[in-house]
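Worksheet: one structure, shown below.
We call the chains A, B and C, going by the order they appear; numbering starts again at 1 in every chain.
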Amino acid sequence: MTWLAWRQLRVPALSVLAGVAAIAVVLGITGPELVGRTDFSDQDLLFSGTILVSYLLPAVVGVFWGVPLVTREVEAGTHSLVWNQSVTRGRWLATKVGFGLLAAMLVTGLLSLAVTWWASPIDALANQSTDRGMLNRMSPVVFGARGVVPIGYAAFAFVLGVAVGVVLRRTLAAMAVTLVLLAGVLIAVPFLVRPYILPALDDEVAITQSNVVGIRGSEQGVESMTVPEPPGAWVLANETVDSAGNVVFPLPDFVNGCVPRPDRNDPPPARGSMGACMAQLGERGYSQHLAFQPGYRFWPLQWIELGIFLALSTLLTWFCFRRLRHLS
Amino acid sequence: MNILRAQGLGKRYKRKWALTGCMLEIEPGHVTGLVGPNGAGKSTLLNIASGMLEPTTGTIEVCGGVPGSGPAQLAKVGYVAQNAPVYSGLSVEDHLRLGARLNPGWDDDLAHQRIEQLGLDPRQHAGKLSGGQRAQLALTLGIAKRPELLLLDEPVAALDPLARREFLQGLMAAVAEHGLSVVMSSHLVTDLERVCDQLIVLVDSQVRIAGDVEDLLATHHRLTGPRRDEDSLPADQHVISARHTDRQTSVVVRTDAPILDPVWTVGELSLEDLVLEYMSNSVTTRPALEVLR
Amino acid sequence: MIQLHLDAASGLSPYLQLVRQVRHALRLGLLREGDQLPTVKEVVAELAINPNTVLKAYRELEHDGLVAARPGVGTFVKATLGGAPPTVLGPLRHELARWLVKARAAGLDEESIEALLMSTFRGSAREEIA
């Protein structure tokens, strides 16, 4: 049965492997020259490209490996051939899924290794910088393209493809549905699940003249302000709160007079008036609330998220085996 | 010991019953033909017997075990589905390798002998084979696993006459050589006549008649005579159908006893006639569920 | 070794056809004592018929004392049927030729002659079986 599983997966597996190998070679060549640099503005293409590919690979695995695993057999009718060659459905599915899962996780692991290694100089710099333009590896999009989490995505995507194939039995429909579901999950998890895996750290910062870095507003007035964020962290909230802890939006009126307005070309307010303003905010009980996942939590969050996706994959696999009885 | 035994077997898809109250006992060592109109339940019955489908009601026992219940049971039953599906990306040789790896009882010499006899190129991809060649490949896979029972779902329906003849030749040679039991469904009564010694007629999800072919032909007669009511016939003559004109009555009866009434002209039925009688809706008696002996 | 065949239009059941063909061969001297009949497998592989049909035919021939089955080896001819010697066949053939001349003179074409011949022959064959 392993021989058959290999023969059926051979072409898709080798083509994906070839693609990943090519990418690894490119990264291997360009990687060493990134060490020691402090300016990576010319790496935008490769940086975003590798992130894109890291999300694309699970999708490819799910749609082109997982879905046809079952639908191709059912559509061609070969399931009645193979299930009558003295191999039970259970063994058939277990071998094909086991094989594909292993391959999916290996090939994604390879890619993630290459990408993480290549980007390590960039990530290291971002970890220490407070430059808002640099995405550090804790930020939602980058997090899913580093470390071990992509392996979890690939395993999940693969089994999702198989499950959708078992239910729908038609290749094209199953491919579309798998893609949609996968996209949904990969978008939902960073925003709905990841922030709560480990409780975020909260910080209360007094607002002073020197630590206001961002002011946002409209014609009505100043709406919000931000303070510098801890380097290398994933900031979930950077908001002004009143003494009771409620978020203030927009900011109280009196601020409008003493804070430089972003949209108008007014001359900057007089010196010292900003300081007095901020002190006034402090007196009235306003402060800045920061909620964030610190950078040192990168690996714990990675492993936990991997665990979540592997658990989901296990659940889906169990579902597939149950549903298999109804195929004919 | 029966090679196939079904009691009250039924299968429902959503709201429609594909098979109802099916009772069969088939003995080993025979070639049984399964005939009936499309949608009568022939494929369903074969699918259940091979373990591809689960019955909704009733029980079925094949080769002494429950269909599909494990590798040992699967090894006893061979199945070739309609249109003989094969892996189009694998070569003929690959299919034999598949059979060798997956079947504990695989007879590799037999498989290769057959392929050679058939003149198939082992390296040819199965997707490029003709319909007849595919059917022969699927048959080879079914025979070489050395099952006790081989189930064939309309194996020759899509084949040209030569391919059909060659398929049946190969099948019969395997039956003669290995004592294989076969249940095959077909529309072509002429083929069934040559090849089957047992017959099951399945219409509207029910078994209408089942039995030994020679026996069925010997006990069914067409009686023609002056017009009379079919109920006036003796009780041991089961009326299968009756046609009246204003002066003449023609009835088809099933009886073990000789026809003694001199007023009747007694004629014989061909197998095709007999099958057609049972397939048409003008069967006036209750469906006769006959045990195959 | 003789070749057996099946005539789908003959109206006779397959096993009876096989019996007749063997008897026919015995009569014409195509099969002699000690000759082996085609094996069940050979017949079945050629004609695509049920092996039980062949077995039934051979059993009937055995019952009639014409053949004997040797397990593991095959079925062999035990006795012959009295075939007509050439002295009988000659005059019969001559008579047939004369009849053909008469038929042609009467205006019958090939097809009509054959039809007449076959229907008379079949009619008498059925009477022979019944």
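Note that in this section a residue touches a chain if its C-beta (ideal position, glycine included) is under 8 Å from a C-beta of that chain, and two chains touch if they have at least 3 such contacts.
Here the structure is a predicted model, which means the values were calculated and not measured.
Peer 1: Please find which chain has its CA centre nearest to the centre of all protein CA atoms in view.
Peer 2: Chain nearest the centroid of all protein C-alpha atoms: B.
Peer 1: Centre-to-centre on C-alpha atoms, which chain is most distant from subunit A?
Peer 2: Farthest chain from subunit A, going by C-alpha centroids: C.
Peer 1: Between subunit A and subunit B, what distance separates the C-alpha centroids? Give it in angstrom.
Peer 2: So the centroids are 58 Å from each other.
Peer 1: Report the inter-chain centroid distance for subunit B and subunit C in whole angstrom, where each centroid is the mean of the CA atoms.
Peer 2: It comes to 31 Å between the two C-alpha centres.
Peer 1: Measuring from the mean C-alpha position of subunit A to the mean C-alpha position of subunit C, what distance in angstrom results?
Peer 2: Whole-Å distance between the two chain centres: 85.
Peer 1: Give the list of subunit B residues in touch with subunit C in this complex.
Peer 2: Residues of subunit B touching subunit C: 30-31, 165, 168-173, 175-177, 190, 193-197, 214, 217.
Peer 1: Could you please specify the touching residues of subunit C with respect to subunit B in the complex?
Peer 2: Within the complex, subunit C contacts subunit B at residues 6, 8, 13-14, 40-41, 44-54.
Peer 1: Help me check something: in the complex, which residues belonging to subunit A touch subunit B?
Peer 2: Contacts found on subunit A: 1, 3-4, 7-8, 76-78, 80-88, 91, 325, 328.
Peer 1: Name, in rising order, each residue of subunit B that touches subunit A in their complex.
Peer 2: 47, 50-54, 68, 70-71, 74-75, 77-79, 81-83, 85-90, 94, 97-99, 101-105, 138, 141-142, 145
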